[in-house]
């Protein structure tokens, strides 16, 4: 799946999803649960703001010195016998992975959850080359079995599906004949996938954080699938976005603590694994060969711009879990593998305004995302920056809106003009007003009154009352 | 050994150019303004840490058993029986002997037809197969994080990654003296090793209870790809 | 204490009563009020839509209008937040930056002014009934005024405050969002209205007329029986 997965426009996608009652119920309850758990986990620490500040300073320092840390990381990976490939583009990255798999004569590839491999369309490239690619995260597996349904959440990709739908998918595709109990469904996946792990020649993982000082990569899961992917196949390929590096274990542990608390409200997930190079001499398990693919794919163009802070992201989805817009439209409406507030900022940067220019406007700028972010990315401010660029630099807004805003610029700067306008409004609205409200507004008001009553313009404006009462001051 | 590095210079050059400067060859890590992790459970005694661990074990769906060194064989035997016995997969680890478990592993269990397989690098892949078929995997904890209820395992030739991963059940033996407040101390220890010229092991696992997933309707299912149940046995050793 | 009122467009044109109530509450606290005549709009509608350049003329007008004010007090957390953002808008303009900063520093949202500057929590209000409070997003998160309204409301005689479920979720107003993204806004405001109804409160109280116009307008349209009130109206109630 590439970053963009839908040909429909934003409005249509949104309409489709708003009518999906199950999805909306699932998202609302997941949001409430995850939001609560995150708050509890934060409160427990007592000094969450200090943790956030620490996370922020670490991430900022890394981005300012990214070339240095990537250099150090690659040196240390190579010293431990791993191979490092720097990929400028999505194609370079997926081609390299395909070539490694071919060279190893790999037939079966097991994967643990990774957003960046979605971004570089890796599965399609490998399948085209004749490989069988198996997603092993339970959520990703469900989506893959269901004819590659796109993920709708960066941490819980199958959030939009209910157990009955999953049972049907399993029944249709996996010869499953049990109930829709999550325990039974999960057990079936465990049994199916266990054999795949044992048979696979290649394991592909993402990377939550890479540790420059030791040349380690780390994987954070609850299911244990990333451990299997990195313990059993003979060749391991890890794909990472270039920004996901930390200086040393000292910073690594802080960011992992922030990640697991913010994502799922856990102090640590069941498995946090730090892997350094291929297996050591004498080791029996672990890969014989290790490749690390470091992906740019548009990220470097964000560095040095007013959007740089978005690269601080540690993919916890805390912003998604508090977003009141995501709550109602779900992940698929965004049309990008990156959904929610982080997706609305990142997708236009990585995928361009042509495909994603509506996303920054699909927000009330309520700031819940910014508040939730464990590394203090000012998400709602970045959404606003997108808006400014889209209307002022790119000139992509409708001409009627541009004229209206120009008129606003003139009218709102001058009291006489405003005064005249607001008095005229009072008179002009009179015929439309009934019981102090307007139910069918003209022109631009129509969009409002289609959904809500509009208050009548008062007979006396506040300012007129004030002057009557107090005299001119 | 020596791996390869491809396309690095151009890639890093682009980054430096975007940041508006020459590539950096040296960076001093700043002294961080905030270090909240250092205050968590600072100064807590081992008994206090153990209490934290007890409470945390409930959160992570893990049974906790407390015992003395003397009673350890009995305690371990009970847990193993409760999990349905063998086959059992173990690390090749001198600590089993030091903690008085040789009799149990080498005599008692085999006499009860409980199969015990110690990791043996000379057997190669066979180890993985045995671990995969095992009902229970047992390892010691190299360091134990009270706050999160985590056992830290350093892998090596004798200590395969599979033992704590492939069997259906997992038992961690936790000498009480391995308790530390949190993952901060583990990262300090790893860095200390590094500063002493040691290299980090190829695999470090931070394990917190059994595997689980909430991918189906946010419903927590315990036991997905890794062990479905876990028990921590804390041994009074100090 | 001399206070200059920044009344906001919505209160000026549609909710003059809330403005009058704010005047009476402040006067009772001994404030000497003035209404600088040149004020129009803070520029937020254009600014939030991305038209930063077009919004600057409105902002400069406000900076000039309030140049001689000692304190600027407004019945809107969102519009107060906009004033607080002026220094950032003019950060590269050495002429306007200090003036923008001065305005930002002396601006207070109404409840903040009462609690933090005048140091009063009990303004002698009486209102019988049950109420729930919607914490507006800009006011709560961006301005940081989350406790002040609650402190004031807790002192209102006869008023029982009931927590609003999922109070932290935005009501779906978002300025031009409410009309540009009507489909989404509708879902958001419906949920907010329903949450308020669940509390069985008589009043939904807020401190931002944008949110109140949205929630109240939707409640009326779908025929849900809850009355929206600006907090100034509550604090000026005497029965």
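The first chain written gets the first letter, and so on, giving A, B and C; residue counts start at 1 in each chain.
Just so we're on the same page, a residue touches a chain if its C-beta (ideal position, glycine included) is under 8 Å from a C-beta of that chain, and two chains touch if they have at least 3 such contacts.
Predicted, not measured: the structure shown is a model, and the values here were computed from it.
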Any chains in contact with both subunit A and subunit C? none
Compared with subunit C, which chain's mean CA position is the farthest off? B
Report the inter-centroid distance (CA atoms only) between subunit A and subunit B in whole Å. 30
So the centre of each chain is just the mean of its C-alpha atoms; given that, what is the distance between subunit B and subunit C in Å? 53
Check each residue of subunit B and list the ones that touch at least two other chains. none
Touching residues on subunit A, where the partner in the complex is subunit B: 26, 29-30, 33-34, 45, 47, 50-51, 53-54, 57-58, 61, 64-71, 74-75, 77-88, 92, 136-139, 142, 156-159, 162-163, 166, 182-183, 185-187, 189-190, 193-194, 197-198, 213-214, 216, 222-225, 227-228, 230-232, 242, 247-250, 252-254, 256-257, 264, 266-286, 290, 294, 296, 300-301, 303-304
Listed in rising order, subunit C residues that touch subunit A in their complex are 5, 7, 11-16, 19-20, 23, 33-35, 37-41, 43, 45-46, 48-58, 60-61, 137-138, 141-142, 166, 168-170, 172-175, 177-189, 191, 213-214, 216-218, 220-221
What residues on subunit A touch subunit C, complex-wise? 11, 14-15, 18, 32, 35, 322, 324-325, 327-329, 361-368, 370-371, 384, 386-392, 397, 401-402, 405-406, 408-415, 418, 422, 425-426, 437, 439, 444, 447-448, 450-458, 460-463, 465-467, 470, 472-473
Which of the residues in subunit B end up touching subunit A in this complex? 1-8, 10-16, 18-20, 23-27, 29-30, 32-37, 39-40, 56, 59-60, 119, 121, 123-125, 127-128, 132, 145, 147-150, 155-157, 160-162, 165, 182-184, 186-188, 190-191, 194, 199-219, 221, 223-227
